[in-house]
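Two complexes, one shared chain (chain A), two partners (chain B, chain C).
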Partner chain A sequence: MTDAHSNSATGNEVLASAMAEPLRAPASFKRKMFYITMGIALIAFPHVFDSPFPHHVMIIIFMYALMAQSWNILAGFCGQISLGHAAFFGIGAYSTGYLFFAYQISPWIGMLIGVVLSMLMAIAIGIPTFRLRGHYFAIATLLIGEGVQIVFQRWELVGAASGIFLPIVREQPLLSFQFHGTKLPYYYIILAFLALACVVVWRLDRSRIGFYFRAIRDEPEAASSLGVNVTLYKSFAFMISAGLMSMAGAFYCQYVLVIDPETVFPLSLSILVVLMAVMGGAGTLWGPIIGAAVLVPISELTRIYFGGTGGTLDLMIYGALIVLICIFKPEGLIGAVKMRHADALEEKCDSGDARG
Partner chain B sequence: MTWEIVVQAIISGLLMGLVYALIAAGLSLIFGLMEIVNFAHGEFMMISMFAAFWLWALFGLDPIYSVPLCAALLFFMGVATHYGIIRHILGASMLAQICATFGLAVFLRALAQFLWTPDFRSIADPMVAGRVDLAGVFLGLPQIVASVGCLIAFGFLYLFITRTETGLALQATAQDRDAAELMGIPTERMFALGWGIGAACVGVAGVFLSTFYYVFPEVGLPFALLAYVAVAMGGFGSILGSLVAGILIGLVESIGGLLIDPSYKLLIVFGLYLVIVVFRPKGLFGRY
Partner chain C sequence: MLEVEGLSKRFGGLLANNDISFEVDAGRILGVIGPNGAGKSTLFDLITGYQLPDAGDVRFGGRRLRGLRPDQINRLGVGRTFQKLKPFTDMTVEENVMVGVMQHTPRLGAARKLALEALDFVGLLEKRRHHAQALSTGQRKRLELARAMATRPQLLLMDEVTGGVDQRTLPGLIRLVERLKSEGMTLVIIEHNMQVLMSLADDILALHLGRKIAQGAPQEIQSNQQVIESYLGGAYA
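Up next is the complex of A and B:
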């Protein structure tokens, strides 16, 4: 941080404003207690609500939260709005599924291979597209995401449009990443993945790289002129983001054991991930999690109460909600929480003044 | 591969290109005015196609006659979108702007699916049907009518933008909002007008498409994707650029489909987008 501070001290107001957010103070005692309580609650949850449905809902929430968080790294922190993130989800799912299906390679290894492939693909996409600004980059990723789906729909080796049915294996559930009759292991695995993503974001947020990301997001020219290697850090953000996204894909593949291009590469998935992150609050640690926790139950509940005819009711609600959020709370739901916090702080200061 | 097939591919590419051009022109007009990409553009088209379908199914009105009705409907939808949503997010971040129009798209598509099911429908007895035989080159009559109709609509749009006072005011607003405001141009109303005209353009294209294309809630997506490519190629905000780019995309799509594989024709167009924006990041005729 020292070099950045000396830069801003020498009058580079632009970078100073990009870095205006102070280096996060170490978590306070209250906050630490909050995290610990929440961790215990999440670990205990499946034992308190011991039936498949709440487990399933929580698993789906965690999975979407993981995806939204991975998108958040690239778009929320680094400002590169990707509208084709489903491509990485699908690549994770297909690497895991195909290697297990064709060569009986453990899904865990398949997942790692998927992560590496996604990262390589992120670089391959990034090299031509990182020069593009704003909408041009967003549309490029949109088209690439659709293009990947078209390729997989016609790729005979991986089952083309009908996809892959994973063989059911009952021996060595942990090694073969398949658990039948219980959702508990899936719950803890996806919770661990999400925790990993949150730790990554939390560390990034406080590190020098996190400042570079925000500088690139807010003032790319200024960041570049001050010696931040813009392309390098954009690639870095894209790689982490793609890798985490493909972990979610690998998990999905093992959770449902059937994958096809229509379900793992759709544009609607890319969009849903964006909507969740934005609804909660892009560029914040908790935003994507809040977004997933709000939106996933809506779709699960409409599916229960309205059955097949309600198949799109959840999407109508999503669409309407996100429009309202964009109009009234563009910084996301987390903005409401922060606002109250700020109000309380202001009140405290005011009353302090009055007494003083 | 005989010459008839090649000529047929070129002409049918040209015909579809004119339809793409009109869709892209609407998108480009809106972007040029306020630098917002309407990600619900494909859904606007879908609504217009359904409107044409229902006017035919319930009242027996042929799509050719319902062009003005659907254009008017979409015009009001565009204006309503501006006053209801866009006006409030003009100053917001790009992410919020993208999500607002995407949210609208998700909403409209889900609404259509909820109301009308995901079934594919088609207008069974359009007034214009059949095909014409030009010395061994077969062309569908609906396609010809659609492209001519879109070209005429495009011509009206171009004349309106360049020859009328309101059109010039629109251009002025696109160039510099504050200066236009100082000159007494009601820029707020210009924005609403831009949204109305942009939506009406895609509405006209949708009605013509409904004479030879299936009508279903997801129909807009591929067209919208091609329109984004066309707008990016032509340069965001350039109306004439979107005409050239639309025709180019139609040609690339049909000739590429002929030479490589029809199922990869979208990929070829997407590749074209990447090549163009990488080497000319502002598009062929871009002024931004």
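Up next is the complex of A and C:
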């Protein structure tokens, strides 16, 4: 089509047929089967590989995938880079752990309280920083993340630097969120949490809110010229993100039953979450999951072969991987998968005008 | 419809807008001219809430706009495009326009239909599934226009209708603006091409170094000595 055209560039028929197209190509049969098979495989996995180690590795993968997905909502979709997400992880862990330790409040309720606290904190950080342009938000989250850790290191009420040892409870395991002698319940609980996060992302991506998030990420000024309240939607993304991150912290607390500021508030956790989401593919549903599935086993294996915390060998491997991905797949590991998907879409589309 | 009263804005030592006042009646096109740095884009930013004026006020349909956010001003019925085009590069053309539609029509399916109508209006329907990044400058201008129109404004501020597009693309863009006017849209347009402006504008506002130096019918402005000296220069006269 040239730019020199008269009134409507095309006849009504063309417009009508364009309107009849779906917004996105519907999931193919193969794709649906893939999801169903994967769901069944994940549910069956702990029974097929019935020993603690594979269960543990999968649990940790799911937990990190949940964290990476939570970061992805804020940064991948809405474009706001947080470098202090560990703060929400820690708040979730401490709310759950402390309320159970001090008042015997069910960890499930503690978790909800943690989620609410994290969301409130997200609003408190977001409102002043989201008004500023540029890197202020990233810097603010970095400093707040560090600040929160220092507070918890000094806070006697919650055990200061030595943290909290949760009392072991063997009655009513489901209510007290403690399972001894088996990791199976933990496996399914964290799988459900991750599934929840993925459903949230999936729904967002197909809603006005998701459109607004992407518009804000691409061109915030243009978004506001179209009636989008940028600060409001950024804060909303931050709230959802903080809430999900906090759920991961609550889970961690119940999984290890010992928490201290060094393990639940470290900067390295904030960075690792960023790494996983970015390596897998930020701004996509599957990216954070792929990232966690690749990076967690590396860390767990180096720990087995080299002992302790893996002698930081895992971090060196991460570094090398980041460099490789920057060079070969800057859009993340999911880039390889997505390309093939885009090709398939092009074949399907009658108009031949595929996305991408 | 739009009343601008004594708008001033200072950036450090520079008076970007100095006591600018004018009015635009419903259904009219006001052209804004001035050499680079005259304060044209700043004026748009002040009206649409991207900058807070140091002094002065803007009224739209009797409502004060001063102090409102850009999104609030848009929802009151003021659309704008940007001189430096800002397409959502990671979205397709139709998704870009859907963002504008969604303040009235949040559901995706219905929003897409309205977006396609807007794309048909600007002649980009065939590009609907392309990424915005793949468009030419002329097409991007059309996209920005479709997006702004999708918010259903009563007043549209267009920053450079034809800037940066080739000669072949010009007539189509001009016809688009004419069609907008014939449908009753009120427009304020920044435009460097005097020929274009002569045919489109009912009224012209000339700015120079942040000040309003003249306002009047295109023919008057064309022969205004001050305008010729500051802007049109010897070459045009």
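Operating definition for what follows: the second predicted complex is superposed on the first by the 308 of 356 C-alpha atoms of A that agree within 3 Å, B and C clash if a C-alpha of one lies under 4 Å from a C-alpha of the other, contacts with A are read in each partner's own complex, and residues count from 1 in each chain.
The rule we apply is simple: a residue touches a chain if its C-beta (ideal position, glycine included) is under 8 Å from a C-beta of that chain, and two chains touch if they have at least 3 such contacts.
Predicted model only: the values in this text are computed from it and were never measured.
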Which of chain B and chain C A:218 touches, first, second, both or neither: second
Touching A:327 in the superposition: chain B (first), chain C (second), both, neither? first
Taking the superposition on A as described, I'd like to know which of chain B and chain C A:227 touches: first, second, both or neither. second
Using the superposition on chain A described above, determine whether A:139 touches chain B (first), chain C (second), both, or neither. first
Determine, under the contact definition given at the top, whether A:206 touches first (chain B), second (chain C), both, or neither. second
Common interface residues of chain A - those touching chain B in one complex and chain C in the other: none
Residue numbers on chain A that touch chain B, as the complex places them: 75, 81, 83, 128-129, 131-136, 138-140, 142-144, 146-147, 150-151, 154, 267-268, 271, 274-275, 278, 282, 309, 311-316, 318-323, 325-327, 330
Chain A touches which residues of chain B in the complex? 31, 37, 85, 88-89, 92-100, 102-111, 113-114, 221, 225, 228-229, 232, 236, 263-264, 266-267, 270-271, 273-274, 277-278, 281
Residues of chain C defined as touching chain A within the complex: 48, 50, 69-72, 74-75, 79-80, 82, 86-92, 94-95, 98-100, 102-103, 106, 108-109, 111-113, 116-117, 120-121, 123-131, 138-139, 142, 144, 147-148, 150-151, 165, 168-169, 171-173, 175, 179
Residue numbers on chain A that touch chain C, as the complex places them: 1-10, 14-15, 18-19, 23, 206-208, 211-212, 214-215, 217-219, 221-230, 283, 349, 351, 353-356
